[in-house]
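What follows are several structures.
In what comes next, chain A is part of two complexes: it sits with chain B in the first one and with chain C in the second one.
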Partner chain A sequence: MIIQTRNLTKRFGDFTAVDRLSIQVERGKIFAFLGANGSGKSTTIRMLIGLLRPTEGTVEVDGVDVIHHPRRVRDRIGYMGQKVSLYQGLSIRENAEFYAGLYGLAGADLERRWGALRERFSLADTEQEKPEDLPAGIRQRAGLALSTLHAPRLLFLDEPTAGVDVRSRALFWELIQDEAAAGVTVFVTTHFLEETDYCDWVCFIDEGRLIADAAPEELRRRYSGGYRVALEGAPAPRDRIGQLFPGGQIESTPAGLRLVLPTLEPAALAALDRLVAEQSGLRVHIEQPPMNEVFRRVLGERATTGGAA
Partner chain B sequence: MSEPLVQLRGLEKRYGERTALRNIDLTIDECQIFGVVGPDGAGKTTLLRSIAGLLEVKAREARVLGHDLTADVTELKARVGYVPQSFSLYRELSVLENLSFTARLHRLPEAEFAARSRELLERTGLAPFGDRPAGALSGGMRQKLAIANALLARPALVVLDEPTAGVDVVARAEIWALLQRERREALVLWSTSYLDEAEACDRLVYLDNGRIVADGTPAALRAKVPLELYRVWSDDARAVARAARALPYVQGARAAGRFARVEVQQARTPGVDRVLHDLSELPGGTVRFAEQTAPDMESTLLGLAERPA
Partner chain C sequence: MSWRRLRTLLRREMLATYRDPFTMTILVAVPLVALLLFGFVLSTKVKHMALGVHDASDSPASRRLVADLAAGGTFDPRPFATREALERALVSGKISTALVIPPDFARDFGRASGDLAPGSARPEVQVLYDGGEATLAGNAEAFLRSLVSATGAALVETPPRGPKRGTGVDVVTSALFNPTLDGVPFMVSGTFGFVLSFLTTLITAVSIVNERQAGTFDQLQVTPATAVEILLGKILPLGAVFAMDVVLMMVIGGLVLGVWPQGNVLFFVSVSAFYVLVSLALGLIFSATSATAAEAVQKTVLFSIPLVQLSGFAFPIRNMPTIVRWLTELLPATHYIRLSRAIYLRGAGPLTLLPELGFLVLFGVILIGYALRTIEARG
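And now, the complex of A and B:
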């Protein structure tokens, strides 16, 4: 585990912003940290990166006890906030030099590292421009490039895609998934719930408390009507389908059959593959329950079980 | 037939050397929820502000609610509720004081103010927070207050510039419900970067580089998009997405949950069968199942973005 908190709590006077939060983040994973505005997300992040001292509880990041060694943590992580911390008046390139200086990166090392990042984040055309003259999407990409200058193993991204257009968001997530594939752990917050599908794990907090903590697929299993698989174009024998998908429900539709599966495990995919091979002319279309729906249910359940104040 | 609510022909807006809007033709006949979408810097804010009567523009014709935008717009402004991108209410004033201040600007009779503000506070869930300073509200509540404030005097036109940016899913649903109800009596014009919100609009215009590139219902826009969308279901969707990006005709590919979404430009596609074949041969994961799906809002916006101007 690269991040581990136990009963992490922060009180401001009478107000409990974060309430006995225990989370675990696995190395090399993309971890989505979600919650409504004011639910305690930013307070938690500030405690994780050593900017705010918890009232109670423990927090360990990359093997470091953050409460006792806040500085040591900050050297190991990259952070990008809601307002990208690029200096106005300085070009992207000058910003890079400035941040590199903070990490003791200079000369040929800087040239090599920035050269690689410039290439990967498609910043070559814009590195001479000042951030205030650039669209939000490019600013965001530059911010991400700068937060990874010192090649941190752990990235904190606080709403990196807020106010960014769909094309820049798509590109941004491709980059983040590449980072994770290269072994970097990414701790990310977002209000675009469909983006949780780009992540390995989802943690949802409400009023400072954990209300969901699972892989996206597990949340789907618990909080949705399941995957709906349309089988159309050629009549598929019901018996065979029942045999191949023991956990599934079969329904008739005007165009053929519909198979409802609580999750889509590799075994189910393999079975679909087999079915298509067996039945020529069979068209298969899979519908994945959207995450927006899943989260409305998560929050609805909390409301009905009286979890909310 | 009565006059359209918005009638723009050849509208142009320049800031010094820069042309922010060019040759805008737009007719809106009836009350509805009308979305303005497009990349950062496309001119969305400028278009919204122009229609709200907040900017001096040039046009062959520019009439909003029957008022000429190129003449005196004082009367128009009194009939428009406008919410800018950044929070514009008085932070030190309470929720109720902010509303009451707006009511006085509009010379709303006391009884009407009392009834309308009560109704809006109920509908926004802000009723328990009437005495709280606006600056102490959470992000979602602030936006709801700003919208309630814009709706207070029952404007015939409501203009909202990204009112849900950075707002959580629950508050977004509440804002949507609020606007849904207003659309019966008012034209609601707004910009958003959330895909589900764009999808739910009655009509959309897609702006790029100051021009209207597409105009129609979400379904009409989807039908026009020059992209093919594929899904490759796999037990390792991320590896599949990475491999898909290496195919010469693939525009973008990202893992989303159990599948990799793969976008192919229509102009470069080698044909559906060939793409499906290539996708099912990709390395990464052990189980693979490829299908073509209809373009969703994300691929629609991406496809419009890639269109040569």
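And now, the complex of A and C:
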């Protein structure tokens, strides 16, 4: 575990922003930290990187007690805040030189590192521009490039895709996934629920409390109506379907049948393949339950039971 | 403390400051405008001031007095035939100071020079002035007193005998008085204190809070940069600009206002540069403890009001009530202004100024230490 918190709590006066939060993040994974505005996401991230002192609880990041030794992890973590922290009035290149200097990166090392990032993040055309003259999508990309300049093991991204258009968001997530593929652990907060599908693990907090903590598939299984598989274009025998998908429910629709599956495991996909091979002309359309639905249910369950999932 | 990190921080702050035309204009224009403004306009020097004179005595003695007053160039006496006309001129604002010489002025002089029983009338003149212009009128009045008493002493041939009789004016006071009333060197040397206190604090007051709002301060704090490096990175580049301001103000003050420092220039610049760092640190404290730039600016302005009143920049501290006098000692500016005046006006050296220098260092340690704490603080 590269991040581990136990009963992490932050109170501002009477207001409890983060309430006894215990989370664990596995090395090399993309960890999504979800919640509405004001749910305690940023407060948590600030405690994890040593910008904020918790009221109670413990935090361990890459083996370091961040509460007592916040400086010890600074070489190993990269951070991009909600406001992308580029200095206005300085070009992207000058910003890069500035942050590199603070991490002791200069000369040929800087050239090599920045050269590679510039290519990967498509910043070659804009590196002489100042951030205030650039669109949000490029600024965000440049911000991510700068926070990975010193090759951190752990990246903290606070709402990195807020205010960015859809195309830039997709591009941005590709870059984040590249980082994870290279072995970097990514801790990312977002309020775009559909973005959790880019992630390996999802934590959902509400009013400072952890209310869901699982892989996205697991959340779908537990908190949604399941995958809806429309079978149309050719009559499909109900019995055969029942045989192939023992956990599924079969419903009739005007155009044919609808099969509802709690999860979409490899076995279920193989069974669908077989069905299509057996019934020529059968069209299959799989509808993934949207994360919005999942979280509506998570919240709904919390409202009725008051407990954590 | 890493030299490479500090250099990186310095470079960025310099780029940001020197590339910003607005900040640079303020950094150069405000000190010069303040210097010339305080030097010329607010100067306490009295020159060609209209002085209404109603000479009811019309005697050789009274005419001599009026002629002496006119000779100095400080006053332009304007005769008024009646006391009523004189008072009307005062009310309408045509004159702000007036002198009334009573009919028995000459007779009293005659007596004062001869043997006189104690308690009988001494020669008297009446000075009227517009209390609304307190500072100027007060200075004029004091000057007028000294002139009148000087003329009086000259008119009285025999020095008065007996205890404290004299000519009706306390001559001891006028001996202490700056005879030319020249306030320019006083104001020029004080302006350094005003500019280096107010402008420094104002410039740094917005610096951290702006960075915090832009998010770059958080970013800075998760890098390996230490609080000392961040602090020095902020105050050294601005300190350099202000050190140049000090030199610029010295040169302009000398060339335009004719006031050159009496003491060692290098000593003065060094003391000023140190004071600038202390004052910049104070601005950083305002900045680091404010949520918005507006709040930081308000703190600076609120702090700067007593700065003008209490630092001795404009009003003499020795006339203040004891408690207020103690308060003034708590302002670093008070000590710097004392130092700058001592070096500028009296040519004082480090040895005579050790106590004041000690105070300044003490403030430096406290404020820079506290600024470091606020920069490091985690909520």
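The rule is short, and it goes like this: the second predicted complex is superposed on the first by the 305 of 309 C-alpha atoms of A that agree within 3 Å, B and C clash if a C-alpha of one lies under 4 Å from a C-alpha of the other, contacts with A are read in each partner's own complex, and residues count from 1 in each chain.
One rule holds for everything that comes next: a contact is a pair of C-beta atoms (placed from the backbone, for glycine too) under 8 Å apart; a residue touches a chain by one contact, two chains touch by 3 or more.
Just so it is clear, the model here is predicted, and its values are computed rather than measured.
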Clash or fit (per the criteria above) of chain B with chain C on chain A: fit
Partner chain(s) touched by A:Ala136 [first = chain B, second = chain C, both, neither]: first
First (chain B), second (chain C), both or neither touched by A:Leu269: first
Touched chain A residues, chain B compared with chain C: B
Touched partner set for A:Val188, first chain B, second chain C, both or neither: neither
Contacts of A:Arg71 with chain B and chain C, given as first, second, both or neither: second
Partner chain in contact with A:Gly38 - chain B first, chain C second, else both or neither: first
Which superposed partner A:Gln82 touches (first chain B, second chain C, both, neither): both
Partner chain(s) touched by A:Glu94 [first = chain B, second = chain C, both, neither]: second
Touched partner set for A:Ile211, first chain B, second chain C, both or neither: neither
Chain B versus chain C as contact partner of A:Ala106, first or second or both or neither: second
Distance in angstrom between the closest Cα atoms of chain C and chain B, superposition on A: 11
Residues of chain A at both interfaces, chain B in one complex, chain C in the other: 82
Residues on chain A engaged by chain B in the complex (per definition of touch): 35-39, 82, 135-137, 159, 162-168, 170-171, 173-174, 177-178, 180-181, 191-194, 197-198, 216-217, 220, 264, 266, 269-270, 272-273, 276, 284-286, 288, 292, 295-296, 299
List of chain B residues in touch with chain A within their complex: 38-41, 138-141, 162, 165-173, 193-196, 231, 233-235, 238-239, 241-242, 245, 252-259, 286-289, 291, 293, 298, 301-302, 305-306
Of all residues in chain A, those that touch chain C in their complex: 46, 49-53, 70-71, 74-75, 77, 79, 81-90, 94, 97-99, 101-104, 106
Touching residues on chain C, where the partner in the complex is chain A: 2, 4-5, 7-9, 11-12, 15-16, 19-20, 213-216, 218-226, 378-379
